[in-house]
Amino acid sequence: MKENGNPYKPEIATVEDTWYETYGERSIKTFKVVLDDEKARENWGHRPGQCAMIGLLGVGESMISISCSPTEGNFLRFSVLRLGKVTGALHELEPGDKMTVRGPYGNSFPVDDWKGKKILTIGGGIGQAPLRPIVEYVRANRDEYEDLTLIYGARTSEDLVFKSEFEALGKQDDINCHLSIDIEEEGWPHYVGFVPSLLMEVNPSPENTIAITCGPPIMIRFVLENLKKLNFADEQIYTTLENRMKCGIGKCGRCNVGGLYVCKDGPVFSYATLKDVPEAFA
Amino acid sequence: MVDLEKLKSIAKETVSRDDVKYLIGWRQGTYGFRVSPHFVEKPEEAEELIFSPLCTNNLASYLVLPEKLPLPRGVEPDSRKVALMVKGCDSRAVVQQIVEQGIKRDEIIVIGCPCEGVIDLEKVEERFPNQLESVTAQWSNGKIIFHLPEGNEEIPKEEVLATKCLTCRYPNPVLSDLMLGDEVETWGDEKYEDVKELEAKDPQERWSFWEEAFSSCVRCYSCRNVCPMCYCEDCILDRLNPTWINRSNNASENTAFHLARAFHLAGRCIECGECERVCPAGIPLTKLNRKLSKVVQENYEYIPGIDPESKPFQSSYRPEDQEDFIL
Amino acid sequence: MNNKPKIGVYVCHCGINIAKTVDVDAVAEFASHLPNVKVSREYSYMCSDPGQLLIKEDIKNEGLNRVVVASCSPRMHELTFRKTLAEAELNPYYLEMANIREQCSWVHEDREKATEKAKKLVAAAVYKARLLEPLQENEVGVEPATLIIGGGIAGIQAALDIANAGFKVYLVEKTPSVGGRMSQLDKTFPTLDCSACILTPKMVDVGSHPNIELLTYSEVEDISGYIGNFDIKVRKKARYVDMDKCTGCGICAEECRLTGRISSEYEVGMGNRAAIYLPFPQAVPAKYTIDPERCLFLTRGKCGKSPKCVDACAPGAIDFEQKDEIVEFKVGAIIVATGFDVFDASRKPEFGYNDYENVITSLELERLVAASGPTEGNIIIGKGRKGEKKKKKDRETFTPKEIAFISCVGSRDETVGNEYCSRVCCMYTAKLAHLLLEKIPDANVRVYYMDVRAFGKGFEEFYDRVRREGVRYIRGNPSEVFKRGDKLVIKAENTLTSTPIEDEVDLVVLAVGLEPRQDAREVIDLLRLSQSGDRFFMEAHPKLAPVDTATDGVFLAGCSQGPKDIPDTVAQAKGAASSALGPLSSGKVMIQAQIAHVDEATCRGCGFCVETCPYTAIELVTVNRVGHMVSVAKVNEALCKGCGACTAACLSGSIQQRSFMDEQILPQIAVLGGM
Amino acid sequence: MDTKKLSKDKLGEFVAVLAKQNKLYIPQKEGENLKFKPLSGDQEELDFPRITTVPPKDVFFPQTETLYRFEQGGTDISFPKEEEEAVVLGIRPCDARAMAIMDSLFSWDIDDPYFLNKREKTTLIGLACLEPGVNCFCTSVGGGPASTEGLDILLTDLGEDYLLQVLTEKGGKIKLSVEELLEEAAEDDLDTAEKLVKEATSKIGRSINTDGIQEKLPELWESPLWKNLSNSCLGCGICTFLCPTCHCFDIQDEMEGLEGRRCRVWDSCMFEEYTLHASGHNPRPSRRERLRNRINHKYSYFVQNFGKIACVGCGRCIDLCPVNIDVLDILSQVVKEAI
Amino acid sequence: MKEQFEPNVVAFLCNWCSYAGADLAGTSRVQYQPNVNIIRVMCSGRVNPLFVINALQQGADGVLISGCHPGDCHYIEGNFYARRRFGLMKELLDYVGVDPRRFNMSWVSASEGNKWKDVVEEVVEKAKEAGPFEQFRRNKINW
């Protein structure tokens, strides 16, 4: 069988750097990864919002959002929440170790269409991973976009990913950064409460704004409700879906919501598309 | 013989109770000799209930099948009872489920149906091929009368009964809250002739027999899903971590799967034959399970699904258990 | 947090013990290529200080987090190397050993094959080591107190030993007095000490010891917890007598309307008592108790105009308002000393015990020969049929001359389900025969026996003495006892001479055996004890742990564990006491680390593990699973001994023994099977 | 169109020639199970069953297929060999249509080489279905007993002979290789065949009008229908594993010692694990949602994406469902159901 | 000359009796064949019967389970469960035509070093006679 054009063929990649974002049973670890094959590296060219199948030979593969923007350099970043077999094994990787990567898969955020608009990201927990590339992309092309507002929360301050990055962003003038945690903590200077309530607190204007949200299903549901309250139109709201997937290329079934395949038609969807699709928010 | 009118009236009465969720019985299927499980929630749905030689399904599986969906905070789980129609063999499944705490006795209402044996669909469909219109059937003096569109056909029971029924020892439910009709006379005697026949062959022949059978398995796991005793929260066949059985379909994995499942059912299988009935590949699964049933019965004097108070077979022992095989 | 396993492999030469047959260098070199192996070394003696230092330094310098030592048997040095790891601040359970000495170099000669095998064993260890988890040995504190259930000689002795060692004892006795069976005996074989004389002082000690809280007329209601931390609930039944006020004078009993009309338990039917009673004169505590089942006031609400006892009791101790009282306390250990029942002779109807007054049991005879007994030591036997209602004065009595003992009644007898020997009957028969001859010197005493078992110290001598005194021993198992005229006829066969016997006698004494107590079930349920084949409580090991039970911290003493005589009872009581003192005095017990744990998310609650666990360490508990109350298994970590039987019993693999989990063993199988 | 005749006497030779030049799949028994398997040589008697239990999709989309192999810890990946030329003989028109349906999916945007290479290298010689089974309803979903979609050659049993119709170039090539065994077909042979097929068509007893079903299904999303239907569903995989058009798969890594492979294995939307997220959340948590998805996928989503129903009316799922869950019954209920 | 078949036997030994017995054989320098590879478990009652199937799948030519004699189990009754489970497993394997010489169980106490040797010799001999296990071995997956 020819390897070329075989969509199941993974690239071998080397972990350059890793660090933990959060600790504990369900820790989140970020991997900075570089494809070994030079050609593959050049041809990679992902767009914000896309994801990749990363895996370990002998263990399996998992679909993970690429959490960096192509503007950051010729490497990939994945932030992985440790849940099961593959993610558990991935967490054991250290710099120098190899993994398999194939992709990039899925559509992406229509960042070009959004030029000249205000960007509002609303994230929860690991859900910030797919949002980060937008933030980075907008920062890299800062003058092409208007306001950049970030709303991000987690259960506790320990569960926030990209914490140090947020700290730095918070100090920047051209970014509005709002953080929250669910439960009161000593010394926490920011908001305490759920992300949807923080959204109401921030009270962004829908005018010329694109709102992108990602997080646990329950959070998304309330964020959507609140965005509607704030008079965001369906077309102004974007979210990403994460259904179980195996092939990543629209063959294996399972990731469909109605007739849409999350791996091909998504993971990025505008609310206008999703709202009438059965089981999109199941 | 079960009086259908009585059945319906009991069913109506039962499902009208506040503390009953539904009644599970049988109804005529969509064509031919098929029968389908019927969930009666409202009294009027009871009209469709039947009990006849066509009612092969062991409904006890449905006691343990429903998924426990996440309940929103504050919502109480539905704790109403489930009423269930059982034949003799099915009742043993219920008993065994009680032994294994899969269900609690007071969560169910068991409607016992003394049974004179149910059909083997394959045998019947072979006799009356391409039967599209629905057919009903009834027992009558050692025969089964099929009401075909072109007239009734009487066939001696032995010719069309499911194999398990030919040697059935428990045609009358061993556990029930109420019985439909009088007990029937027991006719069967379990000598495990089929197992003995295979045992008598030489090992090579036995292996070829099973190798071929196992290789033809498509691993749909229908045999597991239908089995009233296979309802682990997380079946080892589905587990990835650790992986007991690989997903790939080949002689090795298929054999391991079948041996593992057979072993898991040792001392638990109540020989309802459902696994074999549903298997699309026609694998003689009961021949495998029944081997262990035979051993359990003959060497350990244990018969599962008879006594709700009994101890699970593999979690008990007798000091005098056989050990002639031990070095 | 799962770190990437970084394994250090250490292959030991053990001098030449391993190196002679196993190519140690080759094994170490092979191991260095195994997955996750960071360093692989060989060394002459891994267990030596420098060897251990090597490991410790590698842990520090190389960041190792798993260690595989390929050397001798883990039964030899597992603890050594665990300590090594701990000293290097690595969890000691990150150790796996490959036994390449006992099970490789020492048993194989072929160097090549032995080396290959060693490689396999090391590889298996490495594959397992990758999946090891850190474990914690927990320590629990021990409540410095002991519960003793049963106040017979066993309970008394154990209580005194523990109390004397300075620990608190709660002695719970069901009847109103401590003393047990021994208090009913007259003299004791083979030394013929007076039972009361040696027992009473101990009873008194128990009653007055500052460390002993005596709870008589009480029953344990509930026990929960585990070694070191048992929670106990005891019901103190209402005596209807204020213990503080009662002086034990006994006037109440004399006055009671039912005096002499209630059969006395202590006298086993040979004597009577009142509704308010002291079981026997030496009872401890010497306080009276009202029998609630017989007392007229308590059963009918009325006793004459007013209860006579109330009127008679000067200190006003009688209190019909008294209620049962529940006492709760904590203990660290429990000793079960609930004793035995004598075999109920009516279960052998062929011996006529149900029919004739002159067929009696040995225990009844004990009371008759006792000077303190109902007949003041005179052997006065009734002549009539049992069950005949006769006025006391009409009762015909006589002193028997022809007396026969039948031994092994209810022992070594499959027909009544007792295959065991009761161990005391042969000797007490000899004792009683001797005592009878003392009382009735012209009596003809014979003993029908199967075997005479005179195994104890001084027993054979005593048996000889009794025979010399004229007691005849006839080897034969009587088949029947019936009445012919005035006499009882024993039908038997002399198995030595094979001659049939019909023996006419005046009195037949049935040497009844010892049986588990009828109410033993209560104790079994309380403590989840096991029973051995003879239905007595089962010890943890018949040879090596004869006073222990399957449950840590619960010990057995006396006849509750099996028939035995007083010396054995006392010895075992002392054993149980010292076993209990172990944890009490150290103040803490360690809890196993390699124990079972349940994955609640996948457990189905079938209870197979619960049924299987030899230590009843698992119970089913109800948990909330996405809103549904489901039952799942829960391991009591203090009770689990880490056998793993539950793990093999669980069909879905939801309960796993730590360190021996399916997912850790499967790779070992893969390596050993496949490489 | 090239039309020939093959005398049944020559069938043996025909098979022999095909088998010599290609990997030849024909229906065979494995235990009690019927499936298409490569001719192993010792096939005693040729017998074309009405339908195999395991559909011939197995030939192109094997239940277990190695995507690539590797060594643990290594980074070298090796791929399977080139596919061999193959022929499937005796495939029924419904099953052949199913392959055409699968083609759409496996070439959707991204080509799946594993499937498509086999399709490309394989010639399908079909056999018209003159004795339809009780649950056949191919005519309701765009097929028929002699439908040619997906086939390269169609054989029709004329009694003594087979009428052999070459349908594609690939078919033509195969025909060439067996040319000397064939006879010319007469005009009335064609008529006979047509008559037989017509008869067969009329024998099809079950049908459903699928008009509008695609749109109606999503509208019945919340209908109690699904709960009622799924009550008795066992959630086994029979209806999907053995459906000729069902194509879902799982990808698993399997190890043998230190060697391993990444392989794909059939999966089924009727399985609970199919959509289960690692977090424990399941978007299709019960049999109700899963059954609903199966029906929607076949008769609505697939139509939406590819313009065709993903069902060929072979009736397998009806024949084999152990609890008589009957698609035709479901669809007729759907049709009846008021929105 | 054909090379002599060296079978591969996977053995599960309880820590307290059989493993100790095997250790004793070692300390007594009893010599036996190297074909038995031991997995130590705390009790024969721990051995999941499916391990046997798995071992055969993974390439073992024979399997041995060994524990304490009845009544001597360190954990009171673990070996009784094992005996029942493997009594069944033995029958099952035999029934499907797996050579009964491949599956063995033994009682070896801590003092029976010599018995351990005998068991090993017997088990290895039997496995040799039975030949390489191929029936449902997880074959080096050929595509």
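Per-chain residue numbering starts at 1, and chain names A, B, C, D and E are given in the order in which the chains are listed.
The criterion applied here is as follows: a residue touches a chain if its C-beta (ideal position, glycine included) is under 8 Å from a C-beta of that chain, and two chains touch if they have at least 3 such contacts.
The structure displayed is predicted, hence computed values, not measured ones.
The chains that touch subunit B as well as subunit C are A, D, E. Farthest chain from subunit E (centres taken as the mean of C-alpha atoms): A. Taking each chain's centre as the mean of its C-alpha atoms, the one that lies farthest from the centre of subunit C is D. Rounded to a whole number, the gap between the C-alpha centres of subunit A and subunit C is 64 angstrom. Averaged Cα coordinates give subunit C a centre that lies 69 Å from the centre of subunit D. Taking the mean of the C-alpha atoms as each chain's centre, subunit B and subunit E sit 36 Å apart. Centre to centre, using the average C-alpha position, subunit A and subunit B are separated by 49 Å. Annotation for subunit B: residues 69-70, 236, 241, 244, 246, 248, 250, 314-316, 319 touch two or more other chains. The residues of subunit A that reach two or more other chains are 84, listed in rising order. Residues of subunit C in contact with two or more other chains: 601, 612, 649, 662, 666, 670, 674. Listing the residues of subunit C that touch subunit E in their complex gives 73-76, 99, 101-104, 106-110, 113-114, 116-117, 120-121, 124, 530, 540-542, 550, 594, 612, 614-615, 641-645, 647-649, 657, 660, 662, 665-666, 668-670, 672-674. Contact residues of subunit D toward subunit A in the complex are 67-68, 70-75, 77, 79-83, 105-106, 108-114, 117, 218, 221, 247-253, 255, 260, 262, 264, 267, 269, 274-279, 281, 283-284, 289, 293, 296-297, 300-302, 304-305. For subunit D in complex with subunit B, the touching residues are 30-33, 35, 53-54, 63-64, 133-135, 205-206, 228, 231-232, 234-238, 241-242, 250, 252, 254, 263, 265-266, 268, 271-273, 285-287, 318, 320, 322-326, 328-329. Residues of subunit A touching subunit D in their complex: 1-3, 5-10, 12, 36, 55, 57-61, 83-84, 87, 98, 217, 242-244, 246-247, 249-254, 256-259, 264, 278-279, 282. Those residues of subunit B lying in contact with subunit E across their complex are 195, 198-199, 203-211, 214, 236, 244, 246, 248, 250-253, 255-256, 259-260, 262-263, 266-267, 288, 291-292, 295-296, 299-300, 313-317, 319, 321-323, 325-327.
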